[in-house]
Every structure is written in structure tokens, then in C-alpha cells.
Amino acid sequence: MKQRNILIIAVVVVIALIGTSWYMLRPNQKENLIVSTTTSLYETGFLDVLKAGFEAKYPNYNVSFISQGTGLAIETAKRGDADMIMVHDPNAELAFLNGSYGVDRKIIAYNFFIIVGPQSDPAGIKGLAPLDALRKIAAAGPNGSALWVSRGDNSGTYSKEKALWKAADLNLTQIKGQRISGTNNPWYIEAGAGMTATLQLSNQKGAYTLSDIASFLKNSKEGNIQLVNLVQGGKEMLNVYSAIAVNPQKVTQAKFETAILFIKFLVSDEGQNLFGTFGAQDYGQAVFKPWITTYKTNSDPTLIQWVKEYAFFNGTECPDLYRYKADDLFS
Amino acid sequence: MSWQPLLDGLREAARLIETGDREVIEITIRSLQTASLGTLMAAIVGLPLGVLIGMRSFRGKRTVKIVFNSLVGIPTVSLGLLLYILLSHSGPLGFLDILYTVPGIAVGEAILVIPIIVSFVASAIESKDIQLRDLVRTLGASELETSIAILREAYSGVSLAVVSSFNRAFAELGIAMMIGANIRGVTRVLTTAISLQSAMGEIGLSLALSFILIAVVLTLNFLISFLQRGG
Amino acid sequence: MESVYELHSVSKFYDNVRALDVISLSIGTGEITGVIGRSGAGKTTLLKILAGLELPTAGKLLFKGDEIDRKSVRQLRRVATILFQTPLFLRGDVYTNVAYGLRIRNHSRESIGKMVVEALSLVRLDGFEDRDARRLSGGEQQRVALARALVLDPRVLLLDEPTSNLDRANASVMTEIIEEEGEKRCVVIATHDYEQIKKLADRTIFLEAGRIVEVGATDSIFSGPLLANMENVYTGVSRLVDGISHVDIGNGVEIKAAFSRPGRVVVHVSPEDIILSKGWVETSARNEFKGRITAVEDLGPIARLKIDTGKSFTVQITKRSLIDMGLNVDSEVYLSFKASSVELV
């Protein structure tokens, strides 16, 4: 009897080990690419589509996405734990390039941020211009008629939020310290979480928040939130996604060739088509607009101008200084 | 109205199991792999260590025991973060290249549960009569043979240690997340998948995965208990 | 008679408590050495050192001429084995337990099988291989422990009060077996059992507070100044009354014996020969004393009671009697025994 136990246990252990070693071997047969990226791209499920598309075309490659929020994604890349980044924070991206960590930046897609809130819209911001809307919320907050939820992390969304408050001439530090009159509770709430969690928190509290349109549409569709889109459009709300390869000269472990291959895929017709079709069926619109396509066809000159003002550096998406072994990317 | 999500979750779990959803099977197997490999590695290091601490008396023994007992409850995120910094390509152990891999998670989980094994085994051995040690030694056993004999006698304590370790490794999130990063098809396990799905707002699926996780743990524990009873 | 052990100024301290302080001692083979003394006198410590389970804190221990140190003590443990007062068993049946020592010595399965059967036969437990060792009676357990030791054919057999917890019958069986074995090996036995030591030991060591207070031929030890820790052994002055010895053993207790020896004597009464009653009974027994029970020891089917009549007597009765008579500590009882039960040492 006891022999049998030992036998069974041994068999199970051996199977586990064989399974593990087999798994260990498998990824090595393929080329691995690690992309660190934002939660807004990750949580919408779009990256699975990209991965499938790329791996269908290049079966010997395996793409792994690590979603962490723009700030952390950049940190990870600096540490050599990722081979490229896909983020949406031009200031941070410039710093990344300046620090020699990144090369060959390509803008790949864009969409817009929106301000969402409860259907009742207590602060009355519907249809207003973004900065006006913020001013109204800032006025309504202290007397308890409006709440705001912020990402409160180092994401691209939060960077945008901060920039908006600043552009509206509002002091964010002051706002964070304000309390709803008669209570000890702030009206500006910092979630410290990803986009979906932030939306859900806003939903629970009946608060306003800044969201990218893709995350909002997805969560709405799934019935997680009953918030409505109140303020959209305008130059200030532009959201631009870029891909940057990690500089192999500085971070030697980075798989540069593979990263470039992937970036080339992203900007190819095929890749851009994936951007352009994602969400069309589910949400009635493409949630990530293909930049290259728009640019090449010049289908929206105003927008192109906005992107250049917002996300170009010295008149280009990638200054010569930061181009490396990828001339055909920038023709 | 409020029970609905739970029921949906149960229904979804049943559906996933019934249809044998490939991805769910894959991540379940991966959870089993990391946990069993981790427990195995922890046992290899922890059993002798636990025996040593349990059997010998030495200066500072009480301190050592307290340290291990406390480490049993170490928060997995903290350990995960610590290990991430060590295993990162820019960290001191980066050359091992096990970040974002299944063996990497297993190593992390092994480190997590080693205190469990050491603590439980040391206790189990101490609770055994000191005379047992004398008995075995007077029959001619060497130090190693003595340890083995005492381990056998403390079998129930030892198996409890191993099973508890496995349970903890299987159900932990912090390490799998920090070291594995939940990469689909590579390091996604049940706990990280649950975390992702709930972050993505898919409550139904994450509940389903949670139920599956609990079901697997229960099944395994019952199985182990059965085997022991029969032996 | 060759010397097996030699102790030179050996002492043992446990955390600054001196357990043993032996000046010098030598133990030989072909003889059985007895060790007597009160509880805590150092008997167990001495045996453990001889068994190699402890090393002396100071002094030298020589085994067959070689000094025993940290490295060589392992060899000593392979050839010397100690039997404890309360036997301990490993998980498993009797066979597993008896075979353990053989297995770690890498004997083949067949020879182990044979040797175990032989050893069990030696201790009169034929056929006990498959029994659960932990479920046996006290006497059977101790015999299994003895078999477990003997199967290793040890050069040295050490016994630490091996029959203290056994009834007379089992104790006798053990004593017999030990006697048989004593001729082939070096045997050292620590005991409180006076009859046992009288029967087995050629030479006796008397320990008190870790020191040897006397060592010599067993007979001479007992005819010497006396050993209050021996059960029911009393020293006294005998005067002849009508040709019968009336022995005054002190505290107003006078024992009538069947022999006639005047002067200083040492007498012994077997615990099983003493009868208890709750009231004064007129019997043919010449000795009857009133006393108070000071201790009750439950040994399963039997019980041993200590009764204070001015002097302490140990009495053995059946458990049944203990219960039926409703006896416990502080109960008042009368004890009686025949003059012929009193034996001269």
C-alpha cells in the first residue's frame, strides 16, 4: 500500500518536471520579444490582436506584452527587461530618447481622451470645451456637487490629466488638498490604479474622470459602468501612441532587430489595418486610429497638424540623433 | 440582484471546465507547474534545514526559529518586488535570465515557501521525543541516518509542511505577477489571470477562474489525504 | 578478564550541573556489572557515556584501549547499545523495529529476516513479527526492545532500569535472558531491583551524586552499609526470641523472620509477598503493621504501593484489588506478611 503511494507521488512529480522542462525548451525555439506598454492598450484586449497578427506573419517569433502603465513601462525598458515600449506620453518619451535609452521612435496610432461622468452631470459640463469643463468641476467640487477620480499613477493618462489642469490655470496641488465643505473628505480622489479600475471607481462614486476612449467604450459595452461621455474632442484631448525601440548601444541585452521588425509591422499596411479595424464591430468605431494611414492619405489635415504640435520633437517624430540602423523606417 | 455575479461566475466556471477551454487548461497546468516545482525546490533546501534546526541546540536557536516563523507570512508582493530587482537584467542576478519565465516564478515561489517548510519541520521534529534520537543513535545510526529516521517518524508534520507550501505557492499572486508579468502563453497563471480579468472588468471570467482555482486546490488536497490514509 | 572500558577522571556536566564525576573505573567483558544508586545519582549518565550517546565533558574514556572522541564515538555506537527504561518504537511492526539496526548496517534482506526471527525467539516472542510494536504489553515491548538490541550482536549491552516498569513475571523473563547473554558480552545494568542485581551482577558500582561511593563484588556491597533505595531492603539488629529472629529495623518497626541469626542483619521482603487489608485481620502471618499509603504506581494489571509504617514498604497487588478495596494515597491500611517471606541478604 505504502509503495503505491510513493509511486503515485513520484509519477506526479516527474510529470510536473517533464512538463516544466518541456515548457522551458519551447520558448527558446522562438525568438522572444518583450514589449512593455500601457494599461489602456492592454486592458482593451487590442494587444492580443496585434500579437496574433504579427505571429501569424512571423511564426518564429513570440511577442510578450507587459502592461504596467507608461512610467513603469519606461523604467522596465531602461532596466533592460523589455526590448521596446509602446506608450502615450510625449514628454516621457522625449526624456527616454534624450537619455539614450530609446531609438527609432514611430508614432503608430492616436485617439482622444474624454471626460466621462454620471448621467446626472451635477456640474453641468456636458458639451463644454475641456478646459472649461475642468474649471466648472473645480468650482463644484468643494461644495460637494462634483467628485473627480484621477488615475494617480505614472500613466500617460495621468500625465495628460495633469497637463489639462495646468492648461486650465488650476493648481492641482491645491485641489488635492481641498475638502468638501463640512466634511474631511477630498472631492479629488486618487485611485492609484489602471484605467478600468479607475472607471469602475468613478462609476461607484458617481464621479467625473478622464479616460481614453477605447477603455471607456469597452467597459461601457460590458456593462461595468453607467458613466456617459460628456466632453470630447479638441486639440487638448489628443492621445498619441508611439513605439520606441530600446537602444542596444546602451542596453546591450535588448533584442534590437526583433523590436525593429515589430515596429515595422506596426507601421505596415497590415499592422495599421489592425489598428483601424479594432473595435469597429463591437463599438461602431475604430478605437485606435491608424496614424500612418491618416498621415499618408492626409485625410484629416487639422488632426495631422495637432499631432505634429503635440507629439513631434523639433518637427519630426524622431530626430536624426535618435535614429539607429533603421533608415527604411523613416523614408 | 446582488447574488447574480456569483452565480454567473459559477456558471461560467462550469462552462469553461465542460468545454475544456484550452487557455484555461494551459494556465491551470502552468499554475501546477510553478507550484510543484517551487515546492520541490523548497523541500530540497528546507527539509534538511528544518531537521538541523529541530534537532540541534545552538546559540541563537530561538532567534532563528522566530525569524523563520515570521517569514512564513511574508507579503508576496514585497518578496516579488525584491526578487524582481535582483533578477532584472540590470540587477545582480540578471545573468540568470529567468525573469518572465516559468522557472523564474518557481524559484520565487520556492523562496516564498521555504520558511513554511523549515518552521513546520523544525516544530514537528522538536515535538518528537528527544529519546527517539537517542534510540536511533544507539542502534548505530549516523547523523544522516538519524535525520532520516526522525523525518520518517515526524512524517505527518513533514507532509503537512509540504502540502501547506504547495497550497501557498499555488494560490499566491505577488510573485507570479512581479516575476512572471502575466504574459499570455508564457507566464500567465491562474492567479495572475484572475487579477488581469478583474482589472479588465470581466468579473464573470475572473470569478470563474477563482472557482476553478479553489476547486483544484480542494481536489488536490483531498487526493493527497486519500493517498495518505491508504498507506 | 580483559578490560573493555576504562574511565580516567571522567566527568559530565549538563549546563553547569555536575551529573557525573567518576575518578577511575574499568569494566571488563565476561562479567555483568551492576550499577545502583538513587534516582539522579548519575546511573543513566554513566550508561549514556558508555553507549557513546554522550561524550565526557572532561577526562578520558577508553574503549578497548582506544580513546573515544567526537570522531570515534560513532564506531562505539555501532558496537554498544543501550536499552532504556521505557522502550520507544519506530512506526511500523515489530519486524521493522528489530530490523532497523541491521538495515542501516546493510545486511541483505534474507539474512535480516533470519536474524530477526532468531532474536525474537531468543526473547520468547516467536511469531510476533507482524504485530504493531506500540500495541504490545509492557513486558512484550521491553522484550522486543531487547531483541532489537541483541540482534545486532553488540559487544556491549547496557541496560538502564530495564524491568522497573514490569511485573515480576516479565521481569524474571528479562532477567533470565540477560543472564544468558551476559556471558558472551560486556553487560552493564542499572537497576533498583535487588533480586535482579543479586542474580545477575558479579560486580556492582554504587553511585551517589555522580560519584562512585563503592565498587566491588555484589555480595560485599550488600553486606556493607546499606542502600535505602533498594526496595524493601532493611538493615537492623536481630535478637533471637524463641529461636526466631526479631529484627528491629528502626522507627519502632520490628520484623519477625523465619531464620535465626543474631546481630546486624540485612533483610528483604518481596513486594508480592505482602498482603494488604483494610482492617486488622487475625492471620497466621507473623508480621502485621498499620500504615498509610504514600504512593500508588499504576502498572496496568498490577499496582505498586508505597506504605509508610514507620518504615517504607513497597507492596505489589493486582489492580482489581486496588479498585475493589478503594485504596489510594493517604488510605489507612494494614500490611501483613509471613515470617518465611523475610529473607536474609
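Order as written gives the chain letters A, B and C; numbering starts at 1 within each chain.
Methods note: contacts are C-beta pairs under 8 Å (C-beta built on N, C-alpha and C of every residue); 3 or more make two chains touch, one makes a residue touch a chain.
Computed from a predicted structure; not experimentally measured.
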* Dominant interface by contact count, named by its two chains -> A-B
* **Chain with minimal offset from the mean of all protein Cα atoms** => B
* To do: Using mean C-alpha positions as chain centres, tell me how far subunit A is from subunit C in Å, no decimals.
  => 84
* Could you give the separation in Å between the centres of subunit A and subunit B, each centre being the mean of its C-alpha atoms? => 34
* Asked: Can you give the whole-Å distance between the Cα centres of subunit B and subunit C?
  -> 51
* In the complex, subunit B residues that touch subunit C -> 129, 131-132, 134-142, 145, 149, 152-153, 155
* **Interfacial residue positions of subunit A with respect to subunit B in the complex** => 1-2, 4-5, 8-9, 12-13, 16-17, 19-20, 23-24, 27, 34, 39, 43, 45, 48, 51, 62, 64-66, 78-81, 194, 196-197, 199-200, 218-219, 222, 224, 251, 253
* For the complex, which residues does subunit C have touching subunit B? -> 48, 51-53, 74, 77-78, 80-82, 84, 88, 90-91, 100-101, 104-105, 148-149, 152
* Structure fact -> Given the complex, residues on subunit B that touch subunit A span 29-30, 32-33, 36-37, 40, 88-91, 94, 99-103, 106, 181-186, 199-203, 227-228, 230-231
